[in-house]
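Just below is one structure, and these are the notes that go with it.
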Amino acid sequence: MTLPSPQLEARDIACLRGETLLFESVSFSVFPGEALQIKGANGSGKTSLLRILAGLGPSLDGEVLWRGTNIHLQRGQYLSALAYLGHNLGFKPDLTATENLRFGAALFGLDSSEESIDQTLLDMGLSEQKELPLRVLSAGQKQRLAMARISLSRAHLWILDEPFTALDGRGIASVVRLIEQHLQQEGLVVLTSHQTVDIKPSVRTWLLQ
Amino acid sequence: MVASVKAGYAAFIGLMKRDLLLAFRHRSELLNPIFFFMMIVSLFPLGVSPDDGMLSAMAPGVIWIAALLSALFSLETMFRSDYDDGALEQMLLSPQPLVLLVLAKIAAHWLVTGVPMLLMAPILALLFALNPEAIITLELTLLIGTPLLSLIGSVGVALTVGLRKGGVLLTLLVLPLFIPVLIFASNAVTESAVGMPVDGQIYFLLALLILALTLAPIATAFGLRISLS
Amino acid sequence: MWNSISLYFHKMASPKHFYRLSGRMIPWLGFFTAILFFAGLYEALFLAPPDYQQGQSYRIMFVHVPSAWMSMFVYVFMTFLSGIYLIWNIKLADVMARSSAALGASFTFLALVTGSLWGKPMWGAWWVWDARLTSELILLFLYLGYIALVSAIDDTRTAGRAGSLLVIVGVVNIPIIHYSVEWWNTLHQGPTVTKMDKPSIHMSMLIPLLLMASAFQMYFFTVVLMRARTELLHRERRSDWIKEVTLG
């Protein structure tokens, strides 16, 4: 019997923030090679939804399934297949770009070689910054570094919260390229963005009310 | 299975290395807890009495209370910066067991804040006219006790990491739990100063340490998940 | 059979059912509380004979000992509730735990005050660092810590879970703290032996003690249900059943 193809499914997710019900009955599926963009007004709970998908926050109702099983029943496996980009990028300002990537890889249980780190930095146009402490990098450079970490992770599912923040045209283009490559390799992407994104072949959207 | 043990080990060592590297990059801040420790200890002769008899009588308690307070003072830093820059969130998303990562953080924290106290204590003990037997016991109790404080304290930090006025609350939560350590450690030093055996006290502290080593990281990991949910 | 038991628990866990049921129970519990207090106080103050050693002043024990018992009982009660909340996510468990905390702290405080009042005629001091009182003081800090923690967290669910974890961590530590304080106390024993415990118990003293203990217990359940209802009203204020129950 073949393994079920990697697929993310949200069933009847609901989210309560304090006393307000942000959203309920959210259900969708994402298949390999697909990108899903969560849209909604500010404060509609897009970040909360992404956090629920990543297993960080609890869903008031329903469940999130990965390959048919609830994510909380297979935490190790799900997290090995997941790369998450939050608002706070998760970098230490006093470590260099290379050190940050190296430690990030160790945390994930990856064996990232110096060459693959150097190559990724080159792809994202950050070679010159690789030995600089993160404090001195611009917001856009840090954002690109965050995407570099995501692509190094070899995860199937990318959950990206506002990946295009602080990026200029070229930065956006390189991130889009990364995402498209990932999709071509049967990866999955769920993201939020204020901007309209043009990702080939297509981006489905889900509107959060 | 072997692969995941190797990965777990790599994550543990990696995280410890990272924290030690970060502490090293802020070398100047490393001395703060030590200065705090010294200052609190120095207040007692000034506030109570510099008489040698009094000093050596209260030294064990004073030094241990100062150790407790410095540990408390530096506990907040355990998860604060990771929480602020999102690194803690990434740790929760690591496929490696969170308990392992928490243990790495606590170990690094102890190395950075507890070990300096171990080095400082004999000097302070001399200032308080403690005899050599007492100083050895003091070091032993600190060796067992400071990791205990880091372990117990980590649970409190995990529960208060996201809160604004976390520091004061942390004190209220954690100090009652420190009391048994204080009682047995300071008593051990007092007794050994007069040549009495202190095996019982030491064994009790060791038992507490083992209990904390097994239970605290689990509670801390759980507390972190709660705080970041 | 298990099916009907689990159905029963599900029903019990429903806020609406709880609200109705507790509404009916409170007047009865209050009534029994009053009777028990009346009987207990009468026995304690008038019928029980004066103590051989302490004369009349020992009578404060009839308030001190039940308070101390309750302070511990409430913490254990909160531990159960915390366990239930963390494992099965039953909101009512958290509501009951929160409602119990201030009561537990009050019993602890009462035990401390009455302990202090008892100490004055006995040893001439307003406070003695004896094992029981010191343990009670630390227990008070544990209660206050819980209350402070759940008040500091805005999100109800997070606060409930954090508080539950804290209570469970506390319960593991309580025996350790108690033992440590006992041990510490034996080292620093003054010439007077502490007799904060009930004096050698005689039937005529046991009965009022048990009556008072039961009165305190009834009081606790009466008031905790009242507080739980209020907390429930606040939490569920937007549900429909609230309107039926309060207006209808």
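Observations
In order of appearance the chains are A, B and C, and numbering begins at 1 in each one.
Throughout what follows, contacts are C-beta pairs under 8 Å (C-beta built on N, C-alpha and C of every residue); 3 or more make two chains touch, one makes a residue touch a chain.
Small disclaimer: the values here were computed from a predicted structure and weren't measured.
Path length between chain B and chain C in the touching-chain graph (shortest route): 1. Located most centrally within the structure is B, per distance between chain CA means and the overall CA mean. Among the inter-chain contacts, the highest number of C-beta pairs connects A-B. Among the remaining chains, C is positioned farthest from chain A, on the basis of C-alpha centroids. Inter-chain spacing, taken between the CA centroids of chain B and chain C, is 33 Å. Separation between the centroids of chain A and chain B, computed from CA atoms only, is 36 Å.
Separation between the centroids of chain A and chain C, computed from CA atoms only, is 48 Å. Under the contact definition stated at the top, the residues of chain A that touch 2 or more other chains are 58. Within chain B, the positions touching two or more other chains are listed as 229.
Chain contacts: chain C has residues 157 touching two or more partner chains.
On chain C, the positions that touch chain B within their shared complex are 138, 141-142, 144-145, 148-149, 152-153, 157-158, 161-162, 165-166, 168-170, 172-173, 176-177, 179-181, 183-184, 187. Chain contact summary for the complex, chain C toward chain A: residues 154-157, 238. By the touch rule above, chain B contacts chain A in their complex via residues 4, 7-8, 10-11, 13-15, 17-18, 21-22, 25-26, 81, 84-87, 89-97, 101, 228-229. Of all residues in chain B, those touching chain C in their complex are 155, 159-160, 163, 165, 169, 172-173, 175-177, 179-180, 183-184, 187, 208, 215, 219, 222-223, 226-227, 229. Listed in rising order, the residues of chain A touching chain C in the complex are 16-19, 58.
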